[in-house]
């Protein structure tokens, strides 16, 4: 399945042309490299042009792009080794949250991430990346494992929202989100969160109460899906693009508002055009944060995390 | 009592129950803390009323009353909504906080006001809640919060989502200080408030039939096969599912909180 | 519903006769006090005679007696005040385990107990006192509450077994029992367990990893129900009385084996003939233990509990 | 391979798979660690075999081999059962413990032997397990336990029930020392062992299709409405229900344990 957004169409047309030319050249043994180079230059110019003027809504589409790399893709591309661990030890094992023990550039660490599915079957299995209470409880179990064995924690956030279904409500989805944040605030090991794609409200912040919060360039982070916001604000879910503007849900906005620590650049054309390069950017950004955080004592790590979130908020003080 | 017309019901003397529609004599209704004497329906209380009904007479001292909402994203219609919320509630934000005495115990107390923008949590609510927990931790006082909220305040965008983390962090301070935190879920306690500080209390009480849940009812039903149970997202549903200690009629909230304070506070706890 | 065991029959006949005589006397206004006193003396002699020679199997029947007081009866009869708390904060609230905050003779404490039902409806609701994983998780939540607020813990044990059903298995009944014991071992507040009726294997020990373990005189405490033991040992569940002998499951045996700390005497004729007196005996035994334990420092309490269980076991050492 | 008669299958050279009944060439079968090359069935291993297949060559030093079961209740047939268990397993009790190296890491290791009275836990098993955790805590070594047990040993009455508490208490010592505890559930891991130290490991592995559960299958089915799922009380069922981290084929157990040690042990962990 291919999903081509409006703004991606001309690029995709060029890419088809390049591919055709290449095949032709190979079949006929002709040298078409000059033509190809020219088309590629054209593609590059076009990409630059388009990506220089992305609207927030374009970012929403990119963050949800079905070819965008997911948590396990990053883990595979970034880590020297990874062993997935399973289960909340309370009766459930939520496939929407993955986690385990990884080696990353000299660090041993615990990784916990939200995982969407690539094909229809996996998407259903992983509930489209919408974690249930047991997902957050699995995460907490792994956070506590990290604390016990003094391992840093990396969380990879990519979820439209926590699962809103009746079963999740019955098993305490709200409590699990709150407890997950609380557990993260109690840790005395370094913690880094990366918003990979969709940072969907409570479902995302549950895993993002970290010492450092990074965002990929085209990821979004929002208190409400733009569609939901549009339905409330304009009584029209189709006005999601306007709502996306109003919500300031892009990585740049979050950085400007002082809510995240770093924007990790994506390759030209976004992560799905070059997952390998994107993963390496994430890797080096994470390693840099870990290098910095590793200098702090356990109590200082907890305190830094506390202060980091404690001072978020914009209000006035009456005279 | 005879059923009367709405016009008459809205007079000074009479009031109509929002649930059973019976007409009630207002002085009786107020004396019953706005619980319908016919059907037991718990009508919403203003934050300030709630606090005054809960604490010892003349003991409440408001804190952080000088915090005012800003409009950091210049969000459409937000300034207007703030004005309307203030007019409707008579308050400057969706929570009132302070220190007070309850049954002689010195406490930190907060009550949310659904009348101010649906009790939604933006920067001011988050800040005042966080200060409650910090004040409790520093001064070694218990914290009691009455929740009433539709969730995070969309109009402050990601900043309001961050208030979930901020208030949760503050809870961890009180926990480490070993001071009790008691929450009372009133109608409604939802979404971003339920999924942060509200659910982290040591003991959780709720008023009968209060709406308590994560997502909107329609979203929840759409996301699930089959029909939700009849009491879905009520306090009673959450109690059955282990998330609420006790459903407590309004009249019993105060004595129940007093007993919990007596049980959980160290003997040397400050009284006044 | 009345359940009259064989050995209780003659007593019950006498009690019926006494009751009849009383009614007759009241109706006719006659003085039959001498006859009544004589019958009562006879009843007393008979009770003494019978209760002097109870076999282990008789104790099994007494421990399971449908009129035997249950945890909430003791709580009501013993405590000045009690507020029940509910829920495991993980999606469930198991009625087979009750717990809450109580005042008991000057102490503020957390009580957790297993609760059977009195009538058929309540029995089903309470699953015959067989806790599910969520019951033990509710207990753990209350144990942690006790630890945080430095409250002593009293557990009241009365269960045929932990719930063995498919759902309990799916939600981790074994893990919940193990974690409940572990949580009790980690506490630094005084803990006292009283076996009230049936101390049914893992379901019971889950709540009995305490500084002091007391048993009522006619309670039982066993690694396996005698019926199950008989099925294995004699291939005949009807030989449960013999199995009860072999298992040494009485309070006296447990005391002799050094596995419990004290046997709390029951009134003549067992607890169900005088719940009030029994409850007062339990109360004073518990208070005495709490007085002793309260002198120990937090770490010493944990250490005493550790050593108490650590040295249980009978083995030989080869030369 | 042709199917052969049972008589021939029991010869030195050939062995029959307990599950698919195929006849296997014994040297191949042993090299495959007794995993059937046809159906993948994991045949039970003796405790001592298990340890030798797991640890670095010549690194195993047995501990507490001098503990022998007593018969504290003079329980019917117990003395006889102990004799038979010893004869059947070649061991004096249902667990072997010791210290060893695994991938160079110094470890405390134990393996239960189902051949000795169904791997049941009485005083000796409880004592040896407790000493494993205490040794790990004192010497700051990780503990690895292979479980194989039907549960508590009925023949020691309440004393054997107490071993659940005793081993659990010992786990708490290791936890506080911050040393890793890894458990491997092999066929079967049941009842009193599963409901005590086995379930408390930091990471839990299991062999494919191992029976893992609390009550007997019949008891469980009787206690429940409806039919249990087809994989009820298998390692796979427990994995689906969040109680087991990973199902690991026998061949992969050793490298998986080595990776876990590397990950969870501090850098300065003792190696040899």
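Labels A, B, C and D are assigned to the chains in the order they are written; within every chain, residues are numbered from 1.
In this section, contacts are C-beta pairs under 8 Å (C-beta built on N, C-alpha and C of every residue); 3 or more make two chains touch, one makes a residue touch a chain.
Worth saying up front: this structure is predicted, and the values here are computed from it rather than measured.
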Which is the least count of steps on a path of touching chains running from chain B to chain D?
-> 2
Give the chain pair, either A-B or B-C, that is connected by more C-beta contacts.
-> A-B
Please flag the chain sitting at the greatest distance from chain A, going by CA centroids.
-> C
Distance from chain D to chain A - Cα centre to Cα centre, in angstrom | 41
Distance from the CA centroid of chain A to that of chain B, rounded to the nearest Å?
-> 34
Could you give the separation in Å between the centres of chain A and chain C, each centre being the mean of its C-alpha atoms?
-> 53
Multi-chain contacts in chain B, i.e. residues touching at least two other chains, fall at 175, 199, 241-243
Could you say which residues in chain C touch two or more other chains, in rising order?
-> 89-91, 170-172, 175
Contacting residues of chain C [partner chain D, same complex] = 161-175, 177-179, 181-182, 185-186, 201-202, 205-206, 208-209, 221-224, 229, 232-233, 246-249, 253-254, 257, 259, 305-306, 309-310, 312-319
In the complex, chain D residues that touch chain C = 65-70, 72-73, 75-77, 92, 123-124, 126-127, 130, 152-154, 156-166, 168-173, 175, 191-192, 194-200, 213-216, 219-221, 223-224, 226, 228-229, 232-233, 237, 241-243
Which of the residues in chain A come into contact with chain C in the complex?
-> 89-91, 133, 137, 170-172, 175
Can you name the residues of chain C that touch chain B in the complex?
-> 81, 83-93, 101, 103, 108, 134, 138, 145, 148-151
Which of the residues in chain D come into contact with chain A in the complex?
-> 175, 178, 180, 199, 202-203, 239-246, 256, 259-260, 262-264, 266
